[in-house]
């Protein structure tokens, strides 16, 4: 019966197949670790614009412009 | 002062009138059960792409392709 | 398949029966308005300490000390 | 290491510069008040359609049509 | 940079070691599927009282009292 | 009308006064940057056990045991 919310930045091309792997993987993880019922496990993926996600006080849009260290 | 978040899959055509019914209904529910002040009750509805919602380890997009049991 | 999250302040004595009414009511609301399957609707209630909830820039703990207007 | 989620209605034209100010401001706030490490503070901004946000039981779309009091 | 929130019911005795497995597993999942940077992946686990979690319109507290089918 | 959710680890002794500063600060931030109405801005603070928060695949409880680098 767990509920899992995965938030990622909307970058590159996340395919439906990759989302399916996230849904399967998160559901299996809860089953493996806590023996949760897979049938009622819910996974919701949010894709967030890079302007709307910040880390270290800087939007990801800006981080992506910086040269790799 | 409650905050209610309703997450649904983005399917069919959820109209503005239906969303209004959800907002009204959730606000009334909190008032009826807990006597909460309707004036400051906030309701936020999230519509989630069917690729991004999984149950039972399967994306809703895939579930909708299966024949009804 | 909806997911509903209800956040309320932890005040008074919210009983298990009242929580049950919130769970039933939210589940019915989604069924009535959008014909959602009640069997897979999930409702999660969060009770938040009044120190941890603010409105108008003021914690609810402080609001409750003010004389009624 | 804090996580801050800011939900606002999708109205007017919220610019990337304004979002950057929200990200900076929230990160600084956690540092100033609780001495949190800014490097690992995450801020996520959600912009919500006015049909999908209600207060006082009324969608914001409807509130915006009403004459100012 | 992903953020993962795992909500489970507060039942049995979920140990710190099991929580560690959830944190590791979710972090690895995002790395394996989307090549996300593990260093900045955040996982937050919420344990919810069984009175406060409902499925099918029924609190989990009540579901647990029912005889197994 | 914004809604701000601040999640922090439950460490040290976060006082009611500090929580009040977070509530005030977040409310002012939204007003300053986007001219949002402070009266209806809601801030909710969640304090999360260090066993339940992970970064880099490691629970904060474990991170705190490590010698400073």
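Here the chain labels run A, B, C, D, E and F in written order, and each chain numbers its own residues starting at 1.
The working rule: a residue touches a chain if its C-beta (ideal position, glycine included) is under 8 Å from a C-beta of that chain, and two chains touch if they have at least 3 such contacts.
These figures come from a predicted structure and were not determined experimentally.
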Same or different contact residues where subunit E meets its copy subunit C, judged by the half mark: different
Copy-to-copy rotation for subunit C and subunit D - C-alpha atoms, rounded to a multiple of 5°: 180
Distance from subunit D to subunit A - Cα centre to Cα centre, in angstrom: 21
Intercentroid distance (Cα basis), subunit C paired with subunit A, Å: 26
Touching two or more other chains - residues of subunit B: 1, 3, 7, 26, 40, 42, 44, 53, 55
Touch-based graph of the chains, sorted into line, ring, star, complete or other: other
Chains grouped in pairs wherever the two touch, ordered by label: A-B, A-C, A-D, A-E, B-C, B-D, B-F, C-E, C-F, D-E, D-F, E-F
Complex contacts: residues of subunit A adjacent to subunit C: 1, 3, 40, 42, 44
Residue numbers on subunit E that touch subunit A, as the complex places them: 1-9, 14, 18, 21-22, 25-26, 29-30, 32-34, 36, 40, 53, 55, 60
Subunit A residues touching subunit B - in the complex, by the definition given at the top: 16, 19-20, 23-24, 26-28, 38-47
Parts of subunit B lying in touch with subunit A, wherever the complex brings them together: 7, 48, 51-59, 61-62
